[in-house]
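First comes the structure, then the notes that go with it.
Naming follows writing order (A, B, C and D), and every chain is counted from residue 1.
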Amino acid sequence: MQEPDFTLSAGPTMSSLRVQQAQGRPMIFDYDPVFQERFRETERLVGELFRTDKDVVLMQGEAVLGIEAAARGVVRPGMKCLNLVSGVYAKWFGDWLRSYEAEVVELEVPYDEALDPAAVGAELERHADFELVALVHSETPSGIENPLAGIAPLAKRAGALVFADVVSAVGGTDVRTDDWGVDICVGGPQKCLAGPPGMSLVVVGDEAWAAIETNPNAPRGSFLSLLDWRETWIEGGRVKFPYTPSVSDVNGVHAAVEECLEEGLDSVIARHAVAASACREGVKAMGLELWPRSNDYAANCVTAIRCPEGVEVKSTLSHIRERYGVMLSGGYGELAERLFRIGHMGPAARSLFPHVAVSALGRGLLDLGVDLDVGAGADATLQVLSDSRETVAA
Amino acid sequence: MQEPDFTLSAGPTMSSLRVQQAQGRPMIFDYDPVFQERFRETERLVGELFRTDKDVVLMQGEAVLGIEAAARGVVRPGMKCLNLVSGVYAKWFGDWLRSYEAEVVELEVPYDEALDPAAVGAELERHADFELVALVHSETPSGIENPLAGIAPLAKRAGALVFADVVSAVGGTDVRTDDWGVDICVGGPQKCLAGPPGMSLVVVGDEAWAAIETNPNAPRGSFLSLLDWRETWIEGGRVKFPYTPSVSDVNGVHAAVEECLEEGLDSVIARHAVAASACREGVKAMGLELWPRSNDYAANCVTAIRCPEGVEVKSTLSHIRERYGVMLSGGYGELAERLFRIGHMGPAARSLFPHVAVSALGRGLLDLGVDLDVGAGADATLQVLSDSRETVAA
Amino acid sequence: MQEPDFTLSAGPTMSSLRVQQAQGRPMIFDYDPVFQERFRETERLVGELFRTDKDVVLMQGEAVLGIEAAARGVVRPGMKCLNLVSGVYAKWFGDWLRSYEAEVVELEVPYDEALDPAAVGAELERHADFELVALVHSETPSGIENPLAGIAPLAKRAGALVFADVVSAVGGTDVRTDDWGVDICVGGPQKCLAGPPGMSLVVVGDEAWAAIETNPNAPRGSFLSLLDWRETWIEGGRVKFPYTPSVSDVNGVHAAVEECLEEGLDSVIARHAVAASACREGVKAMGLELWPRSNDYAANCVTAIRCPEGVEVKSTLSHIRERYGVMLSGGYGELAERLFRIGHMGPAARSLFPHVAVSALGRGLLDLGVDLDVGAGADATLQVLSDSRETVAA
Amino acid sequence: MQEPDFTLSAGPTMSSLRVQQAQGRPMIFDYDPVFQERFRETERLVGELFRTDKDVVLMQGEAVLGIEAAARGVVRPGMKCLNLVSGVYAKWFGDWLRSYEAEVVELEVPYDEALDPAAVGAELERHADFELVALVHSETPSGIENPLAGIAPLAKRAGALVFADVVSAVGGTDVRTDDWGVDICVGGPQKCLAGPPGMSLVVVGDEAWAAIETNPNAPRGSFLSLLDWRETWIEGGRVKFPYTPSVSDVNGVHAAVEECLEEGLDSVIARHAVAASACREGVKAMGLELWPRSNDYAANCVTAIRCPEGVEVKSTLSHIRERYGVMLSGGYGELAERLFRIGHMGPAARSLFPHVAVSALGRGLLDLGVDLDVGAGADATLQVLSDSRETVAA
């Protein structure tokens, strides 16, 4: 079997030529001056991407590592945490909090809805003593985007540390770390940045560092340790790594973030929004049903579609992949068998890629007996792209 | 401006990853034993592709160079030639023949039709003393495929040398050099093979060599000389080049031909036929008119579509390129302003690429005010791909 | 500053074209069938490389992660461990064992010597109740290779689990996991395999799995968890990842290991041995002193050289890098300022790369006032390569 | 057999990563606006490289094509030409001139010497009616550099067109087309520019164009036609190609020239001079004899060394290639069996590459029984590099 002609999945997603060429550069020594400067520059670019002056820590390992490192770092036994849940990832985060012996309060909404700032505000008032508020900005497993801009300042004002999983948000929707008062957050390069999945982009502010320092359980002398990075790399003048970075992934992330900032973050975000809208309109016009109950909180990175009656997610995806060379995603976790997901991230949020994804899904389902109007879907997708003016192929 | 998201033009066309990686290998010396063996192997693979035991000469320069070299080689002043014309390239070939002072008879059909073997047979009988019969297998400028299988044997039987331009045929439709009695032919790597445009794939049989040897005007000591290649390279035991080959283009052609043969030439041809059919059905269903008067001779490599009233070819192509990132072709030569052309060659004859091309053309024209049913086009294109069974994404 | 012309460091080291091209492939989804099959095939190839039938677990993160994961997995509080120390890495491993509350006995030799199987045997007899024996096969920081073949069977026979760090051994010297009775070991792709530094190659046998399962402190639900990989990936039929692998690094490791096995593991090892010998002879002939007291245990991967009086390691390395474009390594950990290290791993153990390294070090020191005979070094290095017959540029 | 570890030949020579990545970009349509702009920009960069305001014509085909095109263009029957000969290429050029029925006077020096401006001046006075003076700036086959700066102005002042082959000069030594009065000249991208061998960089001034226009034999409607490029491309506003350029080679030449100009042409030339000097000193110190009788005219691109008694060029080169993975060159044309040639062009004129070449040649000859002091050669080579200050690894 050949590699897919189109990777339009929920990530890792198709990369740009620039990222590919960066990843394919000859390997160099991590103590080479050129590599060290590139690492430092990547930190600066990531800071710009997150619109933050806080410390950027580039840990090796997909974003789950960064989230685990951050959570183990700040959360000490007995810490009172508000975990805001609108999807699979936030739910799992709660399990972690409990396993670290935090005292966890959970505010949960159905997974096809987003968090409501007003409800969060009410919960913050009810307790008044939360030390940490955690949320997922963009729930990749279900394509739901939570209003981080509305919630983070409330939590901050209430005196809590704000912990945000922005893995699939950053580079595709607005993430204003400092303006919104986020203390610690983790982005992933393999989603909207369309880079490699081997790195965690962690932002840590002073209050988060203070929490980590005073946490007896914070990892030390461990691959999961933010403190190791602070002591060896940051405080040592950024010339010595606690652990060897993955050279090609650093090259790839550097290229991905630089490319994003050169295009202009606002343009990039606008392009993701158009691609998402095109997918949603196409999918609905064909006769399928979106997972998010409202476009207001449908994510920019991924469009989640309810699997129609009479077909299975997994075999449909296989059919589409084998028959048309297009790789889409199913649901994830407990939603695995209920959803299809189209990724429109990075280069896949350009040109006619959303149209390819919608068409592949529609025609694949039609092949399997689902009654759909694929042509109407094509018309609707293309209409959004046509209306969008200049943004999809600049 | 960024590079296009989709290159679905009449060639040079989008290359496969394997070809790109071959082209990007470190440069090596042309006398390096590895390069020399790769060059010899490329000759063998090209022979297999052309289904021939004749000599293969890999000249540097896009296929026009090979055609000029072959024509200057075999055509001497006063040689009686039958030039078969169904398009722009064959017409230009006649000009060349006349400039070499050949005695030229031309049999011409309208450019939206193909040559008819019966008519060619009649012409061969009428004269009975043609020394050379020349034709273009696949007219890239208008997407017309001539029945080389039907014509070449007639010409051969009539005692003429058979000269075939198979530039955009080879790798996309059946080319049986030896079975059909073709004496000298030239293929291009940048069309259905989706390789680089820097090389001419020339096949020369014994009778063609004999004609060249006895032609006082055949180039000697010239970049256009087939004889230089024969004397220095072939007769010298294939260890010494008369001219330095383009290392990366040899790498690219080697990869492209090997990839084609590994997939299986018959499968590759079937895939091109499906892609061409999908484009034709899509374009017609949208409401556009094909250039070829019959599907019987519509080419496998390129689909030519008449430009509807009220729009210009050039500005429409620019709109589609700028707005959607898709690069299509217009007409060529005297047909430049009358046609759109969609290339479906190499990897562009896989997966949903034909659908992308049809949609881009349709939506682009709709944007400019042409009344079209893009959704119907999408349905028709996808229907052909769906019906094709296993061929488009194997 | 440009990237170095030569990376002849202690790793990450220069990669082959094949590895670079693998790393630079377009990113694909980790659930793509092609990626999943490549992942499984990488596991099989790594098993072959380690000459083992035990489970191979490919964890994301440089080898330190794998070592931490393995150690946290098997070591429970109170476990009686024999830590064999001949260098920096083994010393640090002892710190880890103690931090996991093991009961640690250490057998240490000077860092310029190797472990002695007889002494280990005596220690094993003295205690008779060790549950784990740990050692580093090849101490990259000092270029010392320990006799794993002699020690592991003794430890195994004594009833202990054998834990081996083979990070810089595998692919450059013989590692016979199953023959020698190693229960759990970790290799690194960025040393002799000359792949990317983003993955840990972990081999886990049944007895090691048993220890992990019964260890209440073994990581679970963590990026450091071997059990997560076992439950989700291995026991789930190798179709579902607990964490997203780094796609490009998997591609790179696949290419690196496949290339090594295609060349032939024995040939590869022989080539590393020749390169190491060439470096040692060259360095000595110039008038420098090797760090290992005997060639018997000088490593195949890295040659460590004592820094002569009157110069500093760091500034010498900078001079060589800036002046000649060659990147070498200094010492590491407590040896940082005492040693130079030349890496001769992967492609750097081919051709004249050892000669480049020796010459760069010699000429660089000469520039800084050290009295050396660089020409004599060149003669000696080249003599070894000349005597080696067929192995360095096959 | 693997590809060579080091390509240090007379060209095509080792390319930089940037050139490789440019060559490996996805193929695009030659009418794509991005490609057309890149083509135009390449012309501008080449003009800068040649320090000229004349027209730049980028023809497809290795430099021999450009020379043939230029010669056929300007030389008409009966034209009185002075052909200046100090090597194989100039000699062959005379054969071409005669085959075009020019009236040729030849001024020849031994091939291990350079042309003397005074002698040329005397010859120009003796005849006073030369219409064309032709010379080779740098004779790659023998590593001789002629004083184009001294000769061209004399010829220009004498009223002749000045025709210069600067194939292996440009990018490695000073070429001041306009200052020196060169009317038409041809450079090659595969020598000091270390680009691909598939393109001719032709510079044509007004007087040369005038000569071509009035030459009835100048190629027209031919792949060899400069006039076709002028009429279709230049006069058509640089939007339409007469022949399809080799996309990847244009990308490669663009990258190579841009990289050269970014480093700074003077620095690049200085680097080539140092590398050449290092090779010469190394080779002499080993006990070998240079071909050029004086360093004053030894070329910057290639060092030619006399083959010592008792060994054959060809088998020595094979031994070095097979045994050490290093590809050097022999002589060329009638000098084939008398010389070794080391290329130090592009990246091969950086870092320790000259040292690798000298060592490989020396050790290879020593293996075959030639009595040489390789260590002394290494010392001498490195001494030059050490003395050169900043130029070899900037």
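Simple rule for what comes next: contacts are C-beta pairs under 8 Å (C-beta built on N, C-alpha and C of every residue); 3 or more make two chains touch, one makes a residue touch a chain.
Quick caveat, the model's predicted, so the values are computed rather than measured.
Chain centre most remote from that of chain D: A (centre = mean of CA atoms).
Among the pairs B-C and B-D, the greater number of C-beta contacts is found at B-D. Chain B and chain D have Cα centroids lying 34 Å from one another. Computed from the mean C-alpha positions, the centre of chain B lies at a distance of 53 Å from the centre of chain C.
Rounded to a whole number, the gap between the C-alpha centres of chain C and chain D is 46 angstrom. Counting partner chains per residue, chain D shows two or more touched chains at residues 2-3, 17, 21, 24-26, 321. Touching chain B in their complex are the following residues of chain A: 2-3, 5-6, 17, 321-326, 347, 350-353, 355-356, 359-360, 363, 366-367, 373-379, 382, 385-386, 390, 392-394.
Contact residues on chain B toward chain D in their complex (touch as defined above): 1-4, 7, 9-15, 19-21, 23-34, 37, 60-62, 64-65, 68, 95-96, 99, 190, 194-198, 221-224, 243-249, 252, 318, 321, 327, 329. Contacts from chain A toward chain D in the complex involve residues 17, 21, 24-26.
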